[in-house]
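Below are two complexes that have chain A in common, paired first with chain B and then with chain C.
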Partner chain A sequence: MTIRFLTTDGLAQWLAKVSETRRVLAPRKEGKSVVFRQWKAGDPEPVLAKATIAPKAAVFPPCETLVQYKSVKDAEDLSKTNLTLEAPTQAEPTLLFACRPCDARGILALDTPYLNGRFKDPYYAARRAATVVVSHTCDTPSPTCFCTWVGAGPANPEGSDVLMTSVDGGFVLEAVSENGEALLAESGLPDGADKMDQARATRTNAAKRITARKDLSKAPERLKARFTDMAFWIEQTAKCLSCGACTFMCPTCQCFTITDEGEAASEKGGQRLRSWDYCMSPMFTREASGHNPRMAKAERMRNRVSHKYWYATEYTKDHHFSCTGCGRCIVQCPVSLDIREIVLKAIEE
Partner chain B sequence: MNEHNPLLPEVATVIETIQETHNIKTFRVRLDDEERMAAFHFEPGQVGQLSLFGVGESTFVINSSPTRMDYLQFSVMKAGEVTTALHKLNAGDKVGVRAPLGNWFPYNDWKGKNVFFIGGGIGMAPIRTIMLYLMDNKKNYGKISLLYGARSPADLSFKEDIKGWLTDKKLDCTLTIDNPAEGWEIDAKHRVGLIPNVLKELAPKPDNCVAVLCGPPIMIKFTLMALKELKFPDENIFTTLEKRMKCGIGICGRCNIGGKLVCVDGPVFSYAQLAQLPPEL
Partner chain C sequence: MPVLTGKELRIVGFLCNWCSYGGADTAGVARATQPTDLRIIRVPCSGRVNPLFPLKALMNGADGVLVSGCHPRDCHYSEGNFYARRRLELLKEFLPVIGIDPARFEYTWVSASEGQRWQQVVTAFTERIHKLGPAPKFDDAAPIYDMPALAPAAPVRTLSCSPNPALDELKTQLREALAEGRLFCAVGWQQGFDALHATPLYMRKPEDVDKLVWGPLNVHSTANMLFQLIKDAQAAAMVGVKRGDPVPPAKKIGLVVKGCDARGVIELLQEKLVDREAVELFAMGCNGTVNVEAIRATIGPAARVESVTGEGDVLKVVADGKEHTLSMKDVAQDKCRSCLVPNAPLFDHFAGQPVAVPENAKPAPAAVLKYLDGLTLSERMGFWKGQIERCIRCHACRNACPMCVCREVCVADSRDPHWLTQEDTVTNKLFFQLIHALHLAGRCTGCGECNRACPMGIPVGALKLYAGRIVGQLFDGYSAGLDPDAKPPFLGFEVEEKNIHERHIEGA
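Moving on, here comes the complex of A and B:
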């Protein structure tokens, strides 16, 4: 696989070159947060820190139009109107630059429902095909990182096209997919194979600094056994506010709602929108009759944890947990709920 | 179904509406694209998402039989925003259709067997499609029976159909209402009593028989108990489930029971299948 070397000084120049043919999304500091925004030539250099919110918006935006509807007068019979529908499924070629391996693995997790299910989502598929992912492997994991517990790691290549690792004077760029090969081939950057040893050392050290790995292999069967243990779930969920921060920050959370705006009967028309939704909401499963299978927050927490650590292992091809161990849910939760604690307690006999 | 974009509805026109009860209305629609309508195929039990653009979308079983393709029929109970808006539709109005979605009744497995249908209220809608389909293929099946119950005579849907069902030789049809009502002459086919109790009176034999049961949760709970008393095994009892749905194509994460999604792994389930899932109905 192709390995190139990018100097620290050469970073902006390379990104500027890529930005001629692709939208570049890169991390930037905004107040106390680090978020992914479009980077243009001349902008300050990207901040190479783990973003506050996973960059899943690159392939799964918080809000997008699924269908535009309007009614136009029939050219031949002006007393009639014709309802027209349009579905905007085009995507802009994009470079997702300097996300983390846990973010990239999250995008891979989104592929399961959106690309590999009974039906393919053309909106997601277009953006996914148009996006090249360059992940910055971690130097210094946080105490809340637990990627190694779920089969991932600070230099895990799953979901990435290029792995970028900090070394003296710059970065080693290692292609880990065909799209990565193509990106590096057109970069004009010099070969970096001689720096690969340094890169490997950085990656190994990072893995050692992740909180000691706990064995979660029994999670699916133990969560199954715990399903009717409501006392357990009530205790674990006692502090939860159902705010949904965990789901919005999460790289693998996929849930959305569909709402209509405007009116179909006019020339101005309206749109059917898809927006992020959260399973921790009391209204998430409420039916029109008023029946709600998950009225209690303990039931919703049970569903969330079980989905990530049990159900996902059944229906995904790779049997991965639907969790990349990024720890954002732990960092962002206003009441400091920790999904690691919940899963470990569930596993305890 | 728009195979390339399963989230984009096809435009259809309402050709007829029928007020079934005070809160249930039936809609017969045809896809505007004549070629697509002619080529439309669905299996009994599959559902469609009906859209009113500007309002929203909801899931309904296609309750016409695949053997009768003049139109697609949906019966809608008025319950929330979308259904209230749907009830205002008249012939000539446009709707969006995303269909067919979901799985279907495994009628091939039922060949040579007796089939006993039990419908409560709007639960008669999914029963209608599979029952008509079997009746149109009667030679492949044994005895076909229907027990259809509602609160009162006015609450029975498909009143025109019922007239034919009561006399059709291919069907053994029994109706029941909760309480005696004026004009309801009690006889073998017109009973008074809750569905589970009338079922026990009829006492269908479980041997070589499949039971299909649809209706409100409380009716399902007690009718299931009655079927178990009559010794029907779980793998021979079928039902259809409902959940709040949005995408209908297995991606929005809302309608799951355990690792199964009601919109793609259902809505048809056998009780044996449900017993494998976490108890989260």
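Moving on, here comes the complex of A and C:
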């Protein structure tokens, strides 16, 4: 296991070196928000705060072109037109820098549908393979954080390639995967094994700050029992606005819609886009016939909560919840709806 | 004539079938020389020109847009152009907020017989656009990501976070109404996931009222869900009713309202979107609400809040064992600083004493409008580019808006008409915000819920405030949601508009 030490002053220099060969995505303050943007040498240093929105866009962008199409007149026979299709490759080598371990773990949840099933999604697979994740172990958990409830913690290595921990004068970088080893090997940074004790202390302190762990192990079975209890779901979701804030902020939400934009088969052409969609929208399940199996928001919220704390445990390898406990859906909800409360209430007999 | 020799620009013309389109024809028949930059779209009436038509053209690269209809009093449909005049004047004055030069848009009147006048209008307008040159593009604008820290406007009245002694009276009124069974449910607030957050409370039984709280954290609009709740109550009343049975009356929706929440209800009544009989309002005087983010800025983003108490102007927040003393003057929401309606103008029950508003009080302009006013057109374009870039299209702004009653049939979700695509470009995402702002012109009560709901902290409310300011100037200080009997300005017209004057195209 490679452990390196990066001084606070050397951070920009190291990132600049990495950015020669990779796109570096790092947190930047924009207005009141912290968002992941491409960092280039000379930019101000990244903000080492938890981002407002999970960085899943690095592997699963809010909007991507699946295919571009165009119909072109045949030069030989003008009565004929030829349809051209182009699938742009949008995967460039990327370093996702200073996300939180809960964000990195979220990427594993995205792997489940896009990589681990019967079919691999080529667009996602290409981006995923090209991405190295450096997680900044969490030193300031918020009151809304509950990563320990869902089987993780502020320094959980799952999904990360390198764990970066703040210590006096800099950061300890600890490789936790082969990709991480390679990144650190070529970094030219000095060894940091002697600082590891200090890093461990930082992590322990952070873990202590997290809201006391609640046992959610009964969630799948209790949610199953609650499935037909519509009164429960109506009560829990009365205040929900049916917006997509929780879904789009979420590191594990993975749903999309596919639309054709631009012109159909013409000389100007068009493109097929895949963009984020959200199950809280009544449009999400509306069928072409007009029938909508999840017309009420209670049904939609039941799906969201059940997916994360029940369905996912049935189809993932380690029976993980599809939730990393980052708490963004709680803190960013316009009506402060608390998913922890729904799950805990569901568990109550 | 330079327009014939120079490079063509893209000008879109929306011409009324009954007049200007004929006028252009007359000009053509008379062989009047005209510039060829104008692409004409024939419409049945200038009243058909949704302000979004010219706006979409301008957002998508048109260098100029001209709307021409029948002279006022001469409309083929009697009054279409009177409505058009109000809407198009609004659009013209609204364009600068996103950095589009208002000179690029014009509306005028040309009749079918005025071939010569048409020639003059189109020539003069084309010359004007050529003087302005090709329109600047959002793609080329230098993005402004950060707004400087804006000094918040001084509150127009004394804000306070003292507990309201009338809360028990309010609770009694609610319990009585619920016990009597005339309410489907009542909406108020309870404590949220921590001491710093309140969350909407849905009361169905008298004992649910115990949880009701009243204070500066009650930021959410209770008017927001009214439209849906009325439908739910109607559906509930129909349960078990057989065909041919008389339709039973639906139960009422109870809303606990601050002044701004009541204004949302009143605006819905003004537009006849809800029935007065369907709602029962429980009001209390509001002393202002807080911006939770401003508090977070002081106490730190991760501090665990243990308690929030207040007395007068002083708000005490205990977080991580440390007591922070804050002033309402610093942490109040922007909308509360200019609020002259702390008491619901319409109510069925009022608990306690109304909050006093100083006479002749004049609110200072919103800080964000002052900031935008100080920017040049190209800076404004860059500002919105920088802000909207991080929009994730969660539509929290729309869903938090008490006036957005279209819900699942919103144009943002529609494929036909196809106003918006799924592309996450700045112009596409900004266009949604402009649709929202223009649909709210003359309807927005300034509750600021769009701003507060935005998880990315984009000041989308500024667009609505800007439109609201224009509406106030055009219609003698009109404010939405104050009088249930007042007609919203864009649902009516005056034959002689007091503040809208004939637009003159220089040279025509």
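The rule we apply is simple: the second predicted complex is superposed on the first by the 346 of 349 C-alpha atoms of A that agree within 3 Å, B and C clash if a C-alpha of one lies under 4 Å from a C-alpha of the other, contacts with A are read in each partner's own complex, and residues count from 1 in each chain.
Operating definition for what follows: a contact is a pair of C-beta atoms (placed from the backbone, for glycine too) under 8 Å apart; a residue touches a chain by one contact, two chains touch by 3 or more.
This is a predicted model, so every value here is computed, not measured.
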Combined model on chain A: chain C and chain B, fit or clash: fit
Partner chain(s) touched by A:Lys32 [first = chain B, second = chain C, both, neither]: second
Chain B versus chain C as contact partner of A:Pro293, first or second or both or neither: first
Touched partner set for A:Glu314, first chain B, second chain C, both or neither: first
Partner chain(s) touched by A:Thr257 [first = chain B, second = chain C, both, neither]: both
Touched partner set for A:Val67, first chain B, second chain C, both or neither: first
Which of chain B and chain C A:Phe119 touches, first, second, both or neither: first
Partner chain(s) touched by A:Thr89 [first = chain B, second = chain C, both, neither]: first
First, second, both or neither for A:Thr285, with chain B first and chain C second: first
Angular separation of chain B and chain C about chain A, which is computed from CA centres of the superposed model and rounded to the nearest 10 °: 90
Which of chain B and chain C A:Thr144 touches, first, second, both or neither: second
Overlay on chain A, chain C to chain B nearest C-alpha distance, Å: 8
Footprint overlap on chain A, where chain B in one structure and chain C in the other make contact: 257, 259, 261, 286
Residue ranges of chain B in contact with chain A within the complex: 4-9, 11, 51-58, 79-80, 83, 94, 96, 217, 242-244, 246-247, 249-254, 256, 258-259, 264, 278-281
Of chain A, residues touching chain B in the complex: 66-67, 69, 83, 85, 87, 89, 113-114, 117-123, 224, 227-228, 254-265, 270, 272, 274, 277, 279, 284-289, 291, 293-294, 299, 303, 306-307, 310-312, 314-315
Complex contacts: residues of chain C adjacent to chain A: 145-147, 185, 192-194, 197-202, 220, 224-225, 293, 301-305, 386-387, 389-390, 392-396, 398-400, 407-408, 413, 415, 421-424, 449, 452-453, 455-459
For the chain A and chain C complex, residues of the former touching the latter: 29-33, 35, 49-50, 52-53, 62-63, 140-144, 209, 235, 238-239, 241-245, 247-249, 257, 259, 261, 273, 275-276, 278, 281-283, 286, 330, 332, 334-338, 340-341
